[in-house]
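One structure, as structure tokens, below. Some questions next.
First chain written, first letter: the chains are A, B, C and D, and each begins at residue 1.
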């Protein structure tokens, strides 16, 4: 069976020896560094759960070669889209973090599945076949593939072609007979540090004059010229420590700047090269999937945060008094989930066979996702009490000098030790302010709130609504 | 074919000669009175659209006897539940009003389908067969059946058995060999004035000591002892006028107090009589359907209101400046719709064969429905401008003395006459403050916001969420 | 003493014989027509309370001639501004309605006090002296003066000078030696029907090419060529009935279109004629006062609505269960009030001696006022229950045929008759949907939400805030 | 002159040699440790600005001995309360952090001023005189005095007298002739690490059986038995680094657990000992001041955050597109400020001569403060873009290996270097997620949201509001 164990996955990441930097220093083995290890554990959870027989229907699909991870599947039905949302919620419930790399790679494969089909149909190119072969390899080797859209973009008010430095949008600097050479970067790439490969695609709709930027390709993360600079989020340092101050003691996430410093990509890994007229399409297909899926992710993280808040309230002896907050948190999480399901069920297929969510409802889900989690977080802070912003460290608890004080003064309800209370308060803290905070994934993932609004604006069909009003008001034409 | 034309429906209502009162006076012919006529036109729209070949798949089902209205169907699949939501939105888009009678009757038939099946299975009674026969008759005669839950309830802080006047909950005052005698009332009954029959069922979970109140039965609205007092809403008087001040010039809705003053109901029309242990179940099944469906209704009414606002802005020359409001209104409507779809798709079947929505998501949809439409209304008032609260009447426009002034000073953008502007402003007004206001249906339909919160509380499963948090915080047991 | 009794005020209004139209017909005596009478009672309450010794400090000021109504005073201190807000809240608590005419006249007198002073200082004109004489007369005769800014405006996307019909902004059509002739209209004029005079002033900042529109003048409402068309709001008809369905059985409000059909105004009543460079200033001074004051008005109406909701809950036996709603309603009302007080206390004087609120905080108050009352209304509907949208009329209660049913089935907690319950439910209804609804005054009074946002934008001083950020981020220049 | 320079203040803190622990280790010199130094700089800013002649009127008062810091003044007028709010906003604008110690000490001195006066009046004790002497010393020596209310509280569902460990509420374990011995702790004490003394007072209303807990006293922070455990917040570690990743590179704040391990306090420093009947009063007076003042603090921090967001948008070339967000952020900040001013101006004096804010409006301000800053933060995250959660560290920027990449790919609009952009993004990050996040001060400072709601509930005066409704509905008694 091709499905990797978590251990095998970790080994493969160690063996990859990608060029990774953290806090200005090279990370020689990503499975050893506390920070990157936690990120790998997050992705590792996918490998674990995929092999768990209880979740086989959700986490795997089959083809002639046997079962493969759902994370390298193409959505072929309404049910597949719904499952996409369910998987997102499930993973977030289990890990409390964003395991973005496999998700974004999944989105990118689906978006390119559709767009390569369309390009070939129009231009007679052979991209779709190439992509099929590439996906077959990914399935066979059970690879984690990061999906990468976002370019650094420089000055946002200037178009790509007017940027002083053209490299702020990834581009082809040379076309050779056997491949292309890439220069530039992709930024905020979730889970790159735990990925085998990166699948880049355009991050914006480019015009004819910007053809060099119209590029999609798969690049192994150990390729010559690829360098990752792992981002630093609030609280990341704690992941380098042993204690429980990191909050989520089992799983982490990561984002990176991935630099392409004149990287050669052989032809069979190139899925778009210059077809600017398809760049808008491939962006839109990617973000639709992402905007829908976020409803599942945030519901799952909302569940964990609701649980953390409820647990802390229980430890404080306040479960009953704060029940209305838990009900509201549940409402907010489920509202996002229900919207994502609605977007999935209203989905449609495409000539390529790939299914995509309803564009309007996907944008609606995304819009909710940029608002509701903030209220969930606010309620969590309300429930958590002042403690969530003001508590001693686990090192204080273990200190010879002040440990006894912490132990004495941080106890909760009978049998609730200070450590238990601090552990859950730290988890809550990390999901509100720290590297697991909901807003990291919800506000800008899949595009900004403004982009989602624009999507709704384009699909609102005000003319048909005006016509409804005209009829009822008795205004003839 | 059994499907009635609208004309035939109106005739049948005229012929029914129900005992209807409005503003303290008897309405001898409900098709003639301006107020009741508009309500009948709302229900009439269902009859019209049901016979329209374009909507056959949505609006009809078939059995051995041929096609029948979807409004007398039992939901037999996930798709049926989804269709329920779609029909609700469609009708509201077409009419701008709540055509509650057929909807609530639909809910009541489905709830009783399930509960009669369960009662018979437990007690060996024959209610389910009776109900089947009754529904067959409703289909055959294409009847509009009002569904009725809500009792007057007297002092809310007292249980039914402690009420000074036991009649404030509908009850059986006599059991005869051939039937039962009902006394009491059902209140806020949507569309009763346009219905042939009323299907009453318990409005609360009753205890053993309250068995007289555990009653479900179908009663023709012209039965001896049944009297309707039609409620008076803000702006209702305008429906008695000819002009456009009523806003929605084509359709209306209505609610009534329906009094049962010792009404005899023959046995074959009785579907529950004393089975208090099933009262909670039948209430819950009814409200689940209603709470889900409201997401469709409010989206549909939201569409019309968005259209009215967009049209008024167009007439004022402000379409571009106010675009962000229309985007937000669209977002809010679609968010409710998406949630209703989610609740439908997550639905489940029951041993009786009837399907019901996911209880948690139905309550979530209802909760959204008690909040979002108010923001839609607020935005409509923002867009509408001061005019929506301050405008002359159509009689002023037609007056010899001041008509010319109104015509001159209420013109909008080129070619937009005062009448056009006033008509759409009146429509908007009626949907925000008047009898078509969104909040009439959304706030208390299917139960209060507090009831929906309670539903979420019961289904929130905080224990499993605490367990998720415990694992990630490293708190063992 | 010059302070009029309410009776004397009503007589004076009857004697005025203004040319008033309602629902297309002339109203020969505004003290007799049920609709206009209620509006006059609202203003009459001011006369009553002004003579009440308990409120002397709040409701009156004194000059050499003795006491006069605070409604014709010029704000001469921070305390006067604060008193302005207090008076607004007090009147709304007492009447539950907007008594706009005296308020807007008050604003107009203050705005013109300032602007005439400035015009004279710059141009050597004699407007300020004229205005002083006019105000002295108003005080001496204790007149109600409506303030009027808003022009019909035609197509909003066109500037005044490009309007096909120049009359859609009030204008001087002729300048004579002894005065000017006005043509056009002012629209949505609160309380005109209960006013002796109207004080018009520019409703927008006009450019040099629009000098005819730069006009301020006081016109008696019985002047030749002045016609009022009273607007029709939802539920107005009930004011023509005897019963309690009108909700607020004691007071009403009104708005009118006031048409100036070539009205001659003698010179001593003209306070601006062509000075376009001061039009922006006079608008801004008027709206600042109005935007601040609304915080008091809406708090006062919020108080009444909170009281109505609490009373209905008491009658239903639900006071305790709904306490959180009353707390929230109170919070929202007081938040607006506190902001208005802040705007008043931060106020500043002007060279003319008149004080005006802090511009930024006045716009902030107004912005709150366009949002919070809608939540108050939503909570009132929540508390009110389905009944607020579904109840029989008072005529049903008094009907021989169905009165007993209504009486029986609408009783509440012990001793609460149906009439008591219906009366308070009708009051609540009228303040949420009817002519007393909060949103009539809050959304567009003193300008639209967009106008308030623009005000905040102009005063936000982002540069100084960026400088704060620069220092703390260690970014030098 | 007694006003200390910042340098003298820092020396005095170094000389104090309090027993301070951070991350489990003793901090031998709080002016050297990066973390504590930044906290001292925050308080140091008060010393700096107090001596700045430009701010003399705001920052100082005078008595017979000359000028003293406003932070040790008793509010003696409405203007003093307003100044309190202004000072709060000013300090937060200048430092971007909460300089809680001097604020809370200020509150505690005022609350005790009032309560000691009342105790003496009732019981003939001599507390007030003692307190006066103590305050005179604080002024003369220009001391920073932390104010301390909050006890660890153990199981919240148990009353103090039922706690298994009585020490979870600070208490007198021994009364000696010359003083008392304290045992227990005060928790979440802002700025303790930068304070000379701590002024403890009851944190709850205690009953007769809990008299040991009714204690107020001033304790030097270097007293025998006093130990501080400094809390660890998200991102605190960065304060130990040199670079700009800490966001706010100039100022910090801190909170501590302050343990009293059998600490002797001489009589002249004791201001309450056993007077349980006054414990509710002193808590209430303290929190009123705090709840009002927060409106100023959060407005000030809101200003800085708005500035940071506007600056980042400028660097990205998006100022115009995001203007509506800055307007909304400004609105929210000013709304809190206006409410605080309202609460101040409605303040009242007490027999002791000390003034306190209006209790209802102070609770209203606090309620706003638990909500609006979260929306400000959300908008800041929206404006900030994905970058705020995903950016390289300053060490990456300075790295030989990847520094050039960071420099190249993080540039903004022309002339905006990567460092400038990263600096302001880090500032924004620290104010949203990090130790300077608004919610640290706003949610639980001065009590929980539930406590503020309770305050509103007690002061809502629903009966008078019901009476208003009764009159307008025509319901007689």
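Heads up, the rule we're going with is that contacts are C-beta pairs under 8 Å (C-beta built on N, C-alpha and C of every residue); 3 or more make two chains touch, one makes a residue touch a chain.
Since the structure is predicted, the reported quantities are computational estimates derived from the model, not experimental observations.
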| said: Going by average Cα coordinates, which chain is farthest removed from chain B? | reply: D
| message | Based only on mean CA positions, could you tell me how far chain C sits from chain D in angstrom? | response | 41
| remark: Cα centre of chain A to Cα centre of chain D, whole Å, reads 38
| Between chain A and chain C, centroid-to-centroid distance (C-alpha), Å | 52
| note | Shared-interface residues of chain C (touching two or more other chains) are 324
| task | Would you identify the shape of the chain contact graph, picking one of line, ring, star, complete or other? | result | ring
| task | State which pairs of chains touch, listing all of them. | result | A-B, A-D, B-C, C-D
| message | Can you tell me which positions in chain B touch chain C when the two form their complex? | response | 21, 23-26, 150, 152, 154-158, 164-165, 167-168, 185, 187-188, 227, 229-235, 237-238, 245, 255, 257, 259, 261, 316-318, 321, 370-371, 374-375, 377-378, 381-382, 385-387, 389-393, 395-396, 398-399, 401-403, 405-406, 408-414, 416, 429-430, 433-434, 437, 439-440, 443-445, 448-450
| What residues on chain B touch chain A, complex-wise? | 82, 93-96, 244, 247-251, 303-304, 306-308, 310-311, 314, 323-324, 326-327, 330-331, 334-335, 337-343, 345-346, 360-361, 364-365, 367-368, 420, 423-424, 426-427, 453, 456-457, 460, 462, 464-475
